[in-house]
Amino acid sequence: MDAIILQILNGLDKGSAYALIALGLTLIFGTLGVVNFAHGALFMIGAFCAVTLSKLFNLSFETLDPTKKDFLGNPLKVKTPYVQEWFGPDVGAWLIDWSVPLAILFSIPIMVAIGFVMERGLIKHFYKRPHADQILVTFGLAIVLQEIIKSNFGANPVPTPAPEVFRGSFDFGVLLGFDPNVIIYPYWRMVYFAFAAVIIGGVFAFLQFTTFGMVVRAGMADRATVGLLGINIDKRFTIMFGLAAAVAGLAGVMYAPINSPNYHMGMDFLVLSFVVVVVGGMGSLPGAVAAGFLLGILESFASMNEVKSVIPGIDQIIIYLVAIVILLARPRGLMGRKGVMED
Amino acid sequence: MNVKPDFSKGHNLAETAPAFLSVWNMEAYYGESYIVQNISFNVHEGEILALLGRNGAGKTSTLRSIARMDNPQVTKGEIWLDHQPLHKMKSYEAAQAGIGLVPEDRSIIPGLTVEENLQLAQIAPPVGWSLDRLYDLFPRLGERRKQEGVTLSGGEQQMLAIARALARDIKVLLLDEPYEGLAPVIVDEIEKTLRIIKEQGITTILVEQNAVRALELADRSVILDTGSVVFDGSAKEVLSNAELRAEYLAI
Amino acid sequence: MLGLNRKDTAILLVVAALAIFAPIILNLFPARSELAFFNAGYPDLMQRFVIFGIFAIGFNILFGLTGYLSFGHAAFLGVGSYAAVWMFKLLNYNVVPAILLSIVVAGLFSVVIGWISLRRSGIYFSILTLAFAEMSYRLAYSVLTPLTNGETGLQVYTDDPQVLMQAGGHIVPHLFGLEMRAREVIDVGPWQFVFPVGYYLCAILMLVSFYISIRIFRSPFGLMLRAIKSNQTRMTYTGLNPKPYTLAAFVISGMYAGLAGGLLASMDPLAGAERMQWTASGEVVIMTILGGAGTLIGPILGAGTIKYLENVFSKMNEGLLHKWFAFLPDWVESPVIWVVSKFTGEGWHLMLGGLFMLVIIALPGGLVEGGQRIMRLFGRKPKAETRTSTEPAE
Amino acid sequence: MGILEVKNVNKRFGGLKALSEVNLSIAENSVHAIIGPNGAGKSTLLNVLVGKLIPDTGSVLFDGQSVLGRTPYEINQMGISRVFQTPEIFGDLSVMENMMIACFAKRDGAFTMQAIGSMMKERDIVEKAEQMLDSMNLADKRGMHSASMSRGDKRRLEIAMCLAQEPRLLLLDEPTAGMARADTNNTIDLLKKIKQDRDITIAIIEHDMHVVFSLAERITVLAQGTPLVEDTPENIKGHPKVREAYLGETQVAA
Amino acid sequence: FTNEPTGGTVTLGFNVPQSGPYADEGADELRAFELAVEHLNGEGGGGMMNTFSSKALKGNGIMGKKVQYVTGDTQTKSDAARASAKSMIEKDGAIMISGGSSSGVAVAVQGLCQEAGVIFMAGLTHSNDTTGKDKKANGFRHFFNAYMSAAALAPVLEKLYGTDRQAYHLTADYTWGWTQQESIQAATEAMGWKTVNNVLTPLAQTDFSSYIAPVINSGADVLVLNHYGGNMVNSLTNAVQFGLREKQVNGKNFEIVVPLYSELMAKGAGQNIKGIVGSQNWDWKLEDDGTKAFVKAFGEKYGFPPSQAAQTCYAQTLLYADAVERAGSFNPCAVGEALAGYEFDGLGNGPTLYRADDHQCFKDVLVVRGAENPQDEFHLVEIVEVTPVEQVTYDPEHPMFAGGNLGECNPGA
């Protein structure tokens, strides 16, 4: 029982990461109809926003400590972060400790700007081009972004811990009447889940309770006609792109403490996020979110020993297997709209 | 035959344009093919102009050019609407300036219900008729308001397309074959509606294959052939000129 | 000639000439010169050019004609390779059974995967094929290791059965005794040209594949495939059943992929699981688009370009750059090298990504379009290559 | 017994009864028009006939065989061809290629594998396609990219493609909508000629009464999903209910 | 023989991962190769050439021929690695190939070098198979292997955590992971530990939470992570997130063990590495003369200390050059003969033997631990023990290595 509850928690947690990434992707892919292979890169850049902020806070000046030696036998250079010098050691340490949550604020303008530039400078010219061309150009862009990050941060993962207070884990089981220490779950992962819920809710609200979503949907189906109705669809597409980039970036920022960011994390998530979006159904935000959680939970269950011992290797393929089954059972995934990317 | 409009006064059409809507030396291309070949004509405020011609004459292309759609591309010429330079605008700006186009394929937006199709028209200013008023005019649409627009029958779609144009506060209504696919009773209805619209002071350009019907309604007529204006004059004149009718309208 | 019209015959002859003289064309620079670095006329790379050319030609039959974008074609390449290596392990090193089996096995695989995946269209189809390929890759890497030798890749061991192997028989892939790795090296002045046997086998098969592909493009079948891409509704209401057409195209392109896989294994008897990964499937998609999807010669160009970059630019290290730019004054040299090194050596991916973007932005029809523009510059007006016109002969 | 027998067909879309208890019999080698107000269910009925929609209840027999449960291409192969209300053509292909596809479908059936057969050898197909284009006045457009034709031309191409299939039953959904008067007349003549030359049954939906009354031998009036009357053109013209619900006051002369 | 150097130069091929997750490791290998070439050509200070027990190298290249090198990208894929190596052999005339950062690549390239008739001096490869069932006459491995890791770790684990332990293994689901797990399970069970479970994790896994969670209530008190690279960084990070490091089970502190360590992984895992025990082939903090000379040369050139991958590649290059000099020929068979059974010292890790039976190097193995309070980013791990070579030596016919056949050396065409 406890094992199952733990895996449900894991599934929800994984699912929220999948759902968040898929949400951003579906805004561009399912709604604007652009096959965006650079979406993973946006996620990755989000994570590196957290890295960058933490590096900025850690920018240090060096003083020599003659009592210690560095690896070449010279006096050791001791580093003191500027923020500690400027704001005092406590505030400085707090800033450094809280750099990931602070990066949320830091990343939003950056990601929105990246989204705008990307749409205006590049994607705009590709709305009417075949999907294959979109794939090629965004894949090229993804590689370029990735390589830029690599040449600045290296290929190795960069540890980016959560604030001290979120580092422990929470005894969840006690709440449910289990013995202590049976069902514990890391705080930060719970934060991630809550954060994902807020973002997903926010995006839904924005698209449901405003006409924005309807206009963009209409614009994707028939740009020309929407223009005839006096609507500047280009502007809205750009905003949509900025929004999607921000969602991807925020998903990345918050993910940084879960797994140390590295330059190819975007590619690792890319295929998966496409699968999630398509299983959810093209053009459906609820579908993408639902598929994210569904696949997250199934993946968690498939990795249980009890399951693996029955079907060896099931955890390797579960996502794809489920994707195949769902797409065969339902022509347009869980909640796909007719006519979106079916040709 | 009427005298061709006089543009000799020079470029500053904003001041001198003799009419409400002026199209002046307009040329337009689809890619490499030269479709609209130096067209000029005027429409006066509040009148109905019948734009006639054979299949492929360039009627649709002319309307699309005026509405500033991406295709065909206008490469030369000027279009003025009530002292506003349409030729410098994008299609959404032209729409905000008062152009309303009912396209020949109706362009009902897939994925949206009837009502959403109408709401969409009222997002950008200026807003025209209210939804209630539109449903009064087309009760059939009121009954189907929650149905997806593209599943409407052909005639219902045509009504929706016209209603959608009226949902915006337009100065000029461009109608591309509005009677097509409509039952004769409905055609009568629409004709009545067009008269109502005319009474409201809205200027209309009507493209129609059923030339007789169109001419009976229209004040003036322009006839196109292979992308050029071959006639510009009063509607009555066409009806009475058998040669013209035979050569360009086959009636 | 050969049932082709004049233009197609010309294309075929050009490709044939390029293939036959590749060892010379690709070794443009004298062997000892600095520029020899840019030579591509060594056996392995030449073989890769034509093998991936076959792969891309086949892919183009599916994608270019029907518009169905498969993201799992690498799986067929992979099983083709495995099948070939297993033939080496079980029979002997003769490449004929290996290549035949690789085509057959890939064909069977594609029948199954295609039959299921083609129940959907558009992106749903792409994801289905992707899912099958990724499953194959992941299983091959782990659970199926007994069959695939997992991470290391399937290879021939001395204790393999090799039932047809005679004492003293060849221990490298051969065609009835003609060893694939055998080569003729000819020195012409400072130039050195290598004529490898394996390459010529691949090249001949590539030309055959290319010829078949032209015939398919020009056949009624090809017309039907383009009709599917254009309007499936009209197709069904014209009494045509799109499914068997797409399935046939899918299987044909799967067999092309299998042939490519079998050849890869025949040139180098090791089959790695990464051959089936989504990135490998993506690579053939990109080759095809980069060259010009739906054109005859585009896929070959795309395959060549990508393989060239991969093998040549990744080898450009800073040491070399220093040598090349040594003529510059120091204060110019360092920044130049700094910039260039971002795009070469370990930065070669940046070059690749940048190239993809550049080509597709500047040349919407891929490299073929670039070629056409150049031709136009020279005043000749070649008719848009193959994209639409299938006008029957007058 | 007609070549097409529709019995008790019902079709609902959610709360809307698009077709209710439709009974229709079309006699072999006749021209049968279906008219009725917009939204009456005429196109829906055609959709049922060609397998695009499956009726909730009822049966459809073509030449004694049921078409229900068959796919659209099977139904087409039985001998039913359809022209759509908005033209469906192979927009990416040339006009000639469009025609050739129709000719192949007629000659070779739903699927044949001529993967490396040469198109140049298909003389009969080419000839027939050209002949059809000629008869529809499209010959000068044979090499044209069909998507960039004007709509009237697209419609003519589609009719030509359907005729090339030599169907036994041809279904026309507003074939002359948007056509210039001259071409409308041409189309009427062409249909008449085809009717003379070979055995063919034509069912036509049309709002242009000129076309209807020039061609139709019998007319069914559909209203709100049910056949209102079925009769000869003369009787329909004078039918008070039809005049009220459909024809209106002005439209008689046409 | 293939690629016999003719002019005044000899070309070596350095085939390292330049893209993909191991790119940083590859970059460090490349730095070491460049340094080695510099030293061989008599530039720079000479580094470990000065401390190397063999004095055959004179700083005038190899046999008087100036050393040149070409580089390529393995992409950590066996296919790409072979393509890259082939281009070095076929186009650039490389007579020796070295580098690589994973066992799959090493085995694939070693096989290729055997067929092509050049020498392969393996870089970072830790699987038993490289010198076990996939060993080749033309291939040599300076790096240690999974068995040796386990043999070195076991006594230390016993000392630190006692003999009564319940171990839970998470294992990367591919060849290297399996041999690593097999080795460490055998070694720990031999000293009395029990193995609660061994769970295989997909290579592409990034989030290990669903594999870590079941550990909590499994009754295990040790978690062994048979992962490398990104897998290891993530699984360790996740394990620490789930509070495993602070946990008490069976009245004991819960412990995490990472059998194969590297500096780069330690860096990637950040604070999570503290107190975690593992093994290394070499560490720059060793005190022997060879190490010191190498660290000095490397550190002065690049500004930071070398990784174990760098040391391996540097040593491999010198060893190859030295063997050529001693053999007096570039002929791969002569070189192989000079290397086989060769004993040397002064290249770090003390006295070392290249065993003739399987071309595996035998030398001391380090057991290390994540430092609690590193003074700077280069002191993330500290050496716990240097396990003497005797303890990690095994019989060539040991079941974990059996089945292979070195075959004949191949000098090529």
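Each chain gets a letter, A, B, C, D and E, in the order it is written, and its residues are counted from 1.
Throughout what follows, contacts are C-beta pairs under 8 Å (C-beta built on N, C-alpha and C of every residue); 3 or more make two chains touch, one makes a residue touch a chain.
What you are looking at is a predicted structure, and each value in this text was computed from that prediction instead of being measured.
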Taking each chain's centre as the mean of its CA atoms, which one is most distant from chain C?
B
Taking CA centroids for every chain, report which one is farthest away from chain D.
E
Pair with more cross-chain C-beta pairs in contact, given A-B and C-E:
C-E
Could you put a whole-Å number on the gap between the CA centroids of chain B and chain E?
77
Would you mind pulling out the distance in Å between where the CA atoms of chain A average out and where those of chain D do?
52
Centroid spacing, where centroids are CA-atom means, of chain B and chain D in whole angstrom
30
Any chance you could list the residues of chain B touching two or more other chains?
none
Residue numbers in chain A touching 2 or more other chains?
313, 316
Within chain C, the set of residues that touch 2 or more other chains is 138, 142-143, 349
Which of the chains are touching one another, listed as pairs?
A-B, A-C, A-E, B-D, C-D, C-E
Show me the residue ranges of chain E that touch chain A in the complex, using the header's touch definition.
20-24, 27, 173, 197, 199-202, 204, 206-207, 209-211, 213-214, 216-217, 230, 233-234, 237-238, 241-243, 246-247, 264, 267-272, 284, 295-296, 299-300, 304-305, 375-376, 378
Could you please specify the touching residues of chain E with respect to chain C in the complex?
18-19, 23, 26-27, 30, 34, 69-73, 77-80, 82-84, 86-88, 90-91, 102-104, 107-108, 111-112, 115, 129, 134, 173-176, 200, 202-204, 405, 407
Residues of chain A touching chain E in their complex?
2-3, 6-7, 9-11, 13-14, 17, 68, 70-72, 76-77, 150, 154-161, 167-169, 181-182, 184-186, 188-189, 258-260, 262, 264-265, 268-269, 299-300, 303-305, 308, 313, 315-316
Counting only contacts in the complex, chain C reaches chain A at residues 63, 67, 69, 116, 119-124, 127-128, 130-132, 134-135, 138-139, 142-143, 232, 278, 282, 285-286, 288-290, 293, 342, 347, 349-350, 352-357, 359-361, 364
Mind listing the chain C positions that touch chain E in their complex?
39, 42-45, 48, 138, 141-143, 145, 150-153, 155, 157-159, 172, 181, 194, 268, 270, 272, 274-275, 310-311, 314-315, 317, 319, 345-346, 348-349
